[in-house]
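Here come two complexes built around chain A, the first alongside chain B, the second alongside chain C.
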Partner chain A sequence: MDMSATSVVVGERRGVKPKPEKEGFVGKPLKRVEDLKLVRGLGGFIGDLKVEGMVYAAFVRSPHAHARIVGVDSSDVLRLDGVIGVLTAKDLGGVGNLPTVDEDAEKKPTPRRPLAVDVTRYVGEAVAVVLAKDRYTAEDAAELVRVDYEPLEAVVDVEEALKPGSPLVHDHLKSNVCYHSVNTVGDVEDAFAKADHVVSLRLVNQRLAPAPLETRGILASYDRGNGELKVWATTQDPHGLRDTLASILGLPQSGVRVIAPDMGGAFGSKISVYPEDVVVSYAAIRFNRPVKWVETRRENIVTTTHGRGQVQYVEAAVRADGRILGLRVKIISDSGAYNTPGALDNPTLTAQMFTGEYDIKAARVEVYSVLTNKVPQDAYRGAGRPEAAYLIERTMNVIARKLGMDPIDIRRINYIPREAFPYTTPGGLTYDLADYEANLERALEFSAYTRLRREQGEARRQGRLMGIGVATWTEICGFGPGLPQTAAVTVTPAGEVMVSIGGHPHGQGHHTPIAQIVADELGVDIGRVSVRHGDTALLPWSSLTAGSRSAALTGSAALLSARKIKRKMSLIASKLLDSDSSELVFSDGFVYSKSNPSRKVRFEEVADAAYKPWKLPEGLEPTLYEYTAYTPPDYVFPYGTHIAVVEVDRDTGEVEVLKYFAVDDIGRVINPMLVEGQVHGGIMQGAGQALIEEVAYDGGGQPLTQSFAEYLIPSTQTLPNIEWTRTETPTPRNPLGVKGVGEAGTIAATPTIVNAVEDALSEYNVVVDRMPLRADYILSLINNSGKRQN
Partner chain B sequence: METFILVFKVLGFGDLCLYPASFEYYAPASLDEAIDLLNKHREEARVLAGGHSLIPMMKLRVLRPAYVIDLNRVKGLKYIEEKGGEIRIGALTTYYDVITSDIVKRRVPILAECASVVADPQVRNWGTIGGSLSHCDPSGDMGSSILALRAKMVAKGSSGERVIESDDWFVGSFQSALKTGEILREIVIPTPKPGSGGAYLKLERKAGDYAIAAVGVQVTLDGSGSCTYAGIGLTAVGPTNLRAKKAEQALVGRKVDDRVIEEAARAATEDCRPTDDPLRGSAEYKRAMVGVLTKRALNKALADAKRSR
Partner chain C sequence: MQSDNFNFECEYWVRGSMSSTRTVRVRVNGVEYTKEVEPRLLLVDFIRDHLGLTGTHIGCDTSNCGACTVIMNGRSVKSCTKFAVEADGGEILTIEGLASDGNLHPIQKAFWENHALQCGYCTPGFIMQAYWFLKQNPAPTEEEIRAGLSGNLCRCTGYQNIIKAVKAASEELRAKAPTINGG
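Take a look at the complex of A and B:
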C-alpha cells in the first residue's frame, strides 16, 4: 500500500498542508474518504432519521404461500391506544400497480397491487398496513387485523410449476410460464452430428437471499402546501424510485423528491420498487403524517427479492480433442410470484453470457421464466452472470473429466483467441478486448499450479481427498448503450470542487475513486474534492448504481464534466495570465503556462474570477457548473481466472477451502485498495453460494430460512486468505479504460469452488449437481457412488 | 435454527415480527425475591439470565411472557469453585467464564471445549450455563457435557432446595425438570479421577451454528488401561440432549482399543433418535455422524486420559 498517498487524504482532512501529487491520484490505493464519517458513527442511515410528527408502519402479511382472501377485518385495530390508522387493499383505489413487464410475444405481465386484493401468492406478501405512534404499538395492532384466508394449493418447485396441470400462480395466465424465448445461432444440429462426445448435465443455482447488512426502509413525508412528497429510502436508484412512485401515486415527477441516505449494502436487492415503498408513501399523503417503516431481518430474508433460482440443462457437443462444437441450453428461471422486470433480467442475461470466454460457433438457448408461490426473484450481485459462468464453467469441468484432460487444457483449446476481438458471441454481444491465455498463464504462475497438482498427488497417496478447481470467467459490465449515467462538477468561488454523481452508491466507496479522477483532471489536491449523491434534487436525471457499471459510466461522466470545467477555467485563466488557453496546464492547485511556468495563477483565483463577470473573457457565462450524461458506445467485459484448493472429509462430507487464488483483468484500476476489497467481498459471496447459502421452502411454500440462524452467510471461517493479483487490458470503450469489478469475485468463486470439490471427489467419479455443498450432500455423493470403501 | 422451524410449524408464521409483545420487567436483588415473583406470576413469568435464548423467542413472539424476571442483579450466582471432590458452578456463570476457568481447564476440559463452540463470542459473553440448561434446547451444547459428566442440578424453590440428577433433568424439548416456581441455582460436577479425559466434538454448518450433531465424551482409565468410567452425551439428535448408554456400556470395564471404540461408536448410533432436518440433513445422516463423532471424541478423550495418568 502506498502510505504517502494515503497520508495526503488524511492530512488534508485534518487541515494539514499536503504535499503536491505530481503523478496524480488515479492508480493509488487511497483510503476511503467516507470511512472517517462511518467509523465514527456519524453516518446517517434510514434508521437514524426522524421527522417531526413521524409515525411507524407495520405490515400484516400473508402466512400462506397461496390463498384466497375471504375477508379482512380491521375493526379492532383502531381501538388500540396509539394507532393512527390502517389501510387494506380496498383503501388503495386510486393507487396504480407495481411495475411488471410489457406484454409481447415472449413476455406475460402479471398485475400486482401494492396490497394483495383477492389472492396472496407468497408467504409474506403484504395484505394490510397499520400506522401507530411507535413500532411496538404498530406490531401489536398488526396482530389485531383479522384476515380470513382460504388456502389454495401452492406450487413451489419451478419444474413442477412448468408441468401441465400445475396450480396456477395467476389464474388469468393459462400456465405459469411468464417468459419464453429461443435463440439459435449457427448450425447446432450439425455440431451435434459431428461431435465425438455429447456431455449432458443438469445444474441448479439455488435461490439466495441478498442479505445486506442494512435491511430496507423508507420514510415518507408529504408537504401539502407545496404538493411535494419527500421520500427517504434505501434505494440504488433514486430517480427511478421517484419516477415510479410518481406514476403509481398519480403525482407529477416534479412533486416527488427521493433522498437516499447512507446505506449498508444492497447487492441488487434495492433496485426494484417494493410494495412497502408505495404503501408508506401513500399513507403519508392519506394521513398527512410522516410515515416510517424499517424492515425487520425476518422480513428482509423472506420478503425482499431473492437472487439466482435457476435450473439449467446443458448439452455440449465435443470433439475428441476437447474442442466444443456446439451447445444446447435450457434455462428455467424461478421468477417467484410476479413477473417483475428484475426477475426477467436474470435469465435473459444468462442467455447472453452462457458461452463465457469460449469460441463456440453453434448454440441454442431456450429460456423459461416460471411463476411460483415464492417472493419475486430479482438482481443479486452478478444478476444472471454468475448463473452463466456457473453453467459454462461447470460444463467445462465435466467435459475435461470425461476426456481425461486437465481443466486448464480444455480452456486453452476453446478460448476466443486474442486476435479475434472485438468478438461477437452467440448471445449477441460484442466483447471488447481480452487476452484470456495471458491471464490464465499469470494465474498458473501465481498459484504455482504445477506445484499444487504435485501436492494434490501427495495428499491422495495419504488418502486425503484434496481437489483443485479452476474457473475462468467473463461478465458483461458497463450497462450500457441504452442507459446513460450522469455526473456534474461544480467549482465554488473558493475553488472547492463538488461532484454530484448519479445513482446511489451504498457501501462500495465511490467517493474516493470519483474524487481521484476529478482531482487528477483538475490538477488539485483530492482533499479539495467532495462527492455527493442520492438526492433527486442534485441532478436532473440519473440511472441506477448496479451491475459493476459505476467506474465505467459514473467515472466517465465525472471525468467528462471535469474536462468541461477545465476547458472553461482555461479560458478564464488565459485572460488572467494573458496567455493562450490551449497551452495551459492544471497542476498542483495552479494553472500554469506551459511555455513559461512562472506565469501561473492559483486554481481558486480562477474559480473566483468565474463568478465575476468583469473578470471573464468576452461572451463567457459566469459560474463553474458542468453536467454530463455519459452514454457508452457498448458494454465492457472484464475477465479472470480463479483457482481454489479444497479438502473433503470423507467421513463427514465437510468441505474446507485450503487456498484461493484469483487473477482478474478489470482494465485500468483507479484505486487498487477498493478493487481488492471488492474482489475479496465478491469471492466471499460466491463462496457463500457454493458452500452454505440457500433459501429453503417446505413443500407448501413456507420459508424455512427466516433469520441468520437458518440462512447462513459467509464469515472469516468460510475461506482462507485470498491471494489476488491482476493483468491489465484497458478497454477502448470508455475514456478511463476501466471495466468493472463489483461482481467479479462472486461470479468466479462459485464454479471455482464447486469444480475443486468435484476434483477432490474424482476417485468416486461423481458430478456435483446442486449447491450449497452441504456436508450431508457431499457424503451422499460419496456413499451413492458405489465406490465407497469402509 | 431447528427450534424456530419447529415453532413456526406448530404456531404458524405471524407477521415476520421482531418486536416483542409488551411485558413487565422485574430485577430482583435476591434469589428469594425472584422465587417469590415467580410463584406470584407462575406460567405468565419467565426468568432472564443471559437472555440469548429468551429474547430472540420473545422478539419472534413465539414466547409472550407477561413478566420477565431478570436475575442479573442477584449476587452470588456467578462462580466456579472446587471443594470436597466436587466442582460447583453458579447458574449465572457465563460460557466465557467457563472457557477461561483454570479449574475447568484442569479438571473438566470437556466443559471448556463445549462452551467454546456455543454460538459466537457475543453469546458466550452473555449466555449462562444455568440459562442454557434451564432452556433445555435439544440443540444446546452444554446439556451433553453435563450428561457426560453426570452432573447434578441444584434447584431452589419457595420450600427450599432439591438436587436433580442430570439423567432426570432433561424432561423434554424446552422442558427441564424444574417445577413452576423453581430456579436453577447451581451445577455440581463430581471431580473426575486421575486418568480422565474428555472431548466435545460438534459438527456444524458454520462456526456459531446449532449443531448438526455433537458428541461429548468423558472417560476414566485405570492403571491397566481399563475403562472405569464412560459418560457420553449427544446433542441435536433427539428430543433432548441424550445420554448414549449403550455406548457407555460398550466401554466400561474393558481395555479400550480400536475395536472397542468402533463398537462404542456403533452403539451410539443406536442410542440417538435424530429426525430429518431440511437444513442440516436427514436422520440417517445425523445418525451416521453420531458414529463418526463418537469415535473421534473417544480417541481424543482417551489420549487425554492416558496423558493425565
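Take a look at the complex of A and C:
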C-alpha cells in the first residue's frame, strides 16, 4: 500500500463517478447476483421456511413495566384444540441465563432468565410460551394463559433512575447504575482555566427502534437420533448464536447448527441472543417438534432491543479564536432493564469517539449506564458512534454560533492536521490516516457552499427560515484486532470457485463484492465465483456481521484465501507448464508464463490436476481449499463531510430538507453502486432520527409507539435525492485499503440536519436540545424564544 | 400512569370463530384455487401459507409498510388487512406472477439495474405497487412517483434508487407499450 498518496480527490466535476483504478472487477458497479431471486419473490426468509411437523410459538408478555408475578395459570390452555404445550419459567429449570456483562469494578451484571421469574422489568418481557398447530391457534392460546401481576413502581426516565431513592430495576443492586467509568487525558482543569469561553449544553439522543422491514424469527428443529439442534434464525452472528445456545441449553457446540437464511434487514438489532431464541430452541427439544416463531411488528418495536438512548452533558473550553482547549463530557446511557453486553458497547464506543476529527488535547469523559424499566438497549446502525458524532458536531455548531464563526471555520481550526497521523485520541484510539481538510474542501466545492450561503441570505431577506448545516464525521470501523473474520475458498475439479464467508448479508450484498475481489485475484470471470454464507457448518468459526466491517475483514479474509489458492495453483501449473511458479500470471481464465505467454494452461485444467495426485508436484497435498481467519492490526477510521439545506415554516414548525450533499472518504471502493446504496440508506436512517423517529413511553413505562402508525420511519417523502461523491484515502490497515461505509451516512446525517435546522432558526437564537424535530417541538422553540413575531 | 392497554395476545383479533369455515375460490397468477378457510384468515396468510406463494411478505400487520401489496381485481391492496374471504370470486396477481416465460418484468429488471433493493424484503410490495401505479400514470414525474409509492416503506435504500428504477421502468414500458397487454 502506497502511504504517500494521501488524499486523492476522485471525480473531476460534480456528478462524475470515480473511475476504477485498474482493469478488473474491483471498482466496478456490478449488479448484484442475489437480486434475481429477490425481485421475483423467490427469497427464502425466516417466515417462508417450513419443516415437516412444525408447530408455532406465541409468547405471553408482561403488560406491566415493573411487576411482581404472583402466579401463572395455564390450565385452560391445553384444553384448546390444536395446542401442543405451554412453558413458563418453572419449566426452564435446567436452562441457563441470557448473556450479561462480566462483573468488575465498573460493571454490574444483571441475571436474566429466558422467561421472567418473579418480577417483570419491561412491558413485553416474555413470561410464558404456547405451542400450537398453527399461528392463529397459538395466539388464541396465549390469551388463555392467566398471569397475576402485582404492579411495582417503574422507573422510566434515565436521569430519574440515577437519583437516590429511585425505584430499583434490580433489587440486588444498590442503585440503577450498572456501569460507571471515568477517563481523563491531559490537563483538563488547566484547559478550562485558560479558556476565553466555556460552552455548556445538554443533548438528548433519543431511543430508536431499528425496525428492519423483516422482524425477528427463529425455527428450531431437534434431531434426536443425531443429537443435533438445527436452528434457522434471523441473526447477524450465526456462530455466536450457536455457541451461546449451546452454553445456555447445555449442549455441545458440535451439537448445534445455526443457519441465517435470507434476512430482511438487521441494523444491529439481530446481533444479540434473545429470550425467544433460547425458549424456542428449548421447546423444540422438549416437545420433540420443530418450533417456529416470527415476531409481529408490535413485538418488534416494543421487545426487540432499541438503539441510542443517551443524555449527554458537554462543557467545552474554547479560546477566542475558536480553538477547543478541553472538553468535559458526561454520558448517561439508558440501558433498559438488563445490562447486556450490547447495552454496554454503545456508551463505551461514544466515550472513545467523542472528540471526532478534532485535535483536543485535554478531555474528561464520564459514563453512567443506568437501568430503567424498558427493553434493553443494544446496537443500532452506528452503535455509539452516531451518539459521539452528534455530541461533538452539535457542540461545534453551538460554539461557532456563540463566537459568530462560520461552521466551516470552527472545524478547520480544530481539525487533526494531516501530518499528525497516525494520531492517538483522548479516547485511546489511534486513527489510521486522514486528510480532513481536503475532504472538507471537496464538500464545499461539491455543494457550491458559497452559493448556498448567498441563497440563504436572499431567502432570509424574503423572511424565509432557510438553514445550512454542516457536520464532519469519523467513526471507528473494521472491528478489530480482537475480532477476526473468516473466509475459505474452494476451487472444484471443474474450476468453479466457491467462497464461504463468515460475514453474511442482510441487505449489504456481500455476494457481489466478495466475488469481485476473488475473481480479480484468480484472474477468472466473476460468473465462475459463487459465495455462500450464514451457516455454521460452512466454516469452523466466524465473528458477527456488524460495524461496517465486512469489506475490511471478510473481504481481506477472502482475498488472502484466494492468494493461498493462487500460490498452490501456481505450483501445480508450474509442473503442467514446466515453468517457474514465481513467474506465472493468472488472467482471463488462464495461467500464463510471464516470459513466454504462449505457454498457458486453462484455470480449470489446473483445478482438475489438483484433485489427481499423480499430476501434482512431489509433496503437494491434493484438493484446492484454503481458509483464512483475518485479524487486522488495528481499527480503521473513515470520515467525511455532509451538508444539508433545510427550510423551516415559521408558522407551522415544519422542517423540509431541500438539499443534501455528502462527501465521504471510505478508502478504496470495491463496488461503487453498492457503496452509494449504503450511503443513501444510511443518510435516510440518520435523517429519521433527526426528523421523525422516537420510541416513546409514558411515565409508567407503557410504550406509546407500538406500530408503524406511531413509530414513524422515513418514507419517500422524507428527503430529496442525495448528492454524493467521495475522496479516497486508502487505509494501510488492511490489504484492500477499504474502511467501511455501512454506518457512515447514519452517523453523519443526524447532526448535519439538526445543525441545519438550528441555523434556520438563528434569528430566534435557540439551541436545539432534543430530537426528533417534529413541528410541535420546533414551534415550541420559536414560541419560547421570546422573539416570536406578531 | 399505569394502564392495561398493552395486550400482546390480540395480534389476530377475531376469536372464537374457528369451527366454521368458508370456501374461497380465487384465481391467483392465472391459476384457479378453491380452499376451505377460517373466515378470520388474513389474505396475506392465505397467499403465503395456503397457496405457498411466499414472495408476498408481512412487514407491519397494520397496512403501514406495504410489503404485502398484491393486485386484487386490478387494484393494489395491502393483503395484511384483507380477509381471504374478501378475495372470493376474484383475481389476484402476486410478485411470482409478474415475470413471464422466465423474463423479468421491466419493473423487476429496473429494480435490479438501478440497485433499488438491498435486503429485498420490501421489494415485492414496491414492485407490485409500482406496477399498479404505472398503470394509472404511465409517464410520472419524480414527485408523482414519490407520492405514488408513499404507502410503501423501505428501511435500506433511502428510496432514491427505487424512484430511479420506477422512472426507468416507466420509460421502458412506454417504449414497449404497443406489445404490453397488461400482464
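Operating definition for what follows: the second predicted complex is superposed on the first by the 768 of 790 C-alpha atoms of A that agree within 3 Å, B and C clash if a C-alpha of one lies under 4 Å from a C-alpha of the other, contacts with A are read in each partner's own complex, and residues count from 1 in each chain.
What we mean here is this: a contact is a pair of C-beta atoms (placed from the backbone, for glycine too) under 8 Å apart; a residue touches a chain by one contact, two chains touch by 3 or more.
This is a predicted model, so every value here is computed, not measured.
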Could you say whether A:G265 touches chain B, chain C, both of them, or neither, answering first, second, both or neither?
-> second
For A:I692, select first, second, both or neither according to whether it touches chain B, chain C, the two together, or no partner.
-> first
Identify the partner contact of A:R650: answer first if only chain B is touched, second if only chain C is, both if each is, neither if none is.
-> neither
Report for A:Q508: first if it touches chain B alone, second if chain C alone, otherwise both or neither.
-> second
Once the shared chain is lined up, is A:H533 touching chain B (first), chain C (second), both, or neither of them?
-> neither
Applying the touch criterion given at the start, work out whether A:N721 contacts chain B, chain C, both or neither, answering first, second, both or neither.
-> second
Which superposed partner A:L42 touches (first chain B, second chain C, both, neither) = second
More residues of chain A are touched by which partner: chain B or chain C?
-> C
Touching A:A775 in the superposition: chain B (first), chain C (second), both, neither?
-> first
Name the residues of chain A shared by its contacts with chain B and its contacts with chain C.
-> 58-61, 63, 123-124, 135-136, 139-140, 142-143, 296-299, 302, 698, 702, 706-707, 709, 715, 717-718
Chain B contact footprint on chain A (complex, rising order) | 58-61, 63, 123-124, 135-136, 139-140, 142-143, 296-299, 302-303, 651-652, 654, 692, 694, 696, 698, 702, 704-707, 709-710, 712, 715, 717-718, 774-776, 779-780
Hey, which residues of chain C end up touching chain A in the complex?
-> 1-12, 15, 18, 38, 40-41, 45, 48, 53-62, 64-65, 67, 94-96, 98-99, 104, 108-109, 111-113, 115, 117-124, 127, 145-147, 149-150, 152-163
If you look only at chain A, which of its residues touch chain C in the complex?
-> 31-32, 34-36, 38-45, 47-48, 58-61, 63-64, 81, 123-124, 135-137, 139-140, 142-143, 151, 211-215, 262-265, 267, 296-299, 302, 505-509, 673-674, 676-677, 680-685, 698-700, 702-703, 706-709, 713-719, 721-722, 745
Interface with chain A, chain B side, in the complex: residues 1, 4-5, 8-9, 12-22, 60, 203, 205-210, 212, 278-282, 285, 288-289, 292
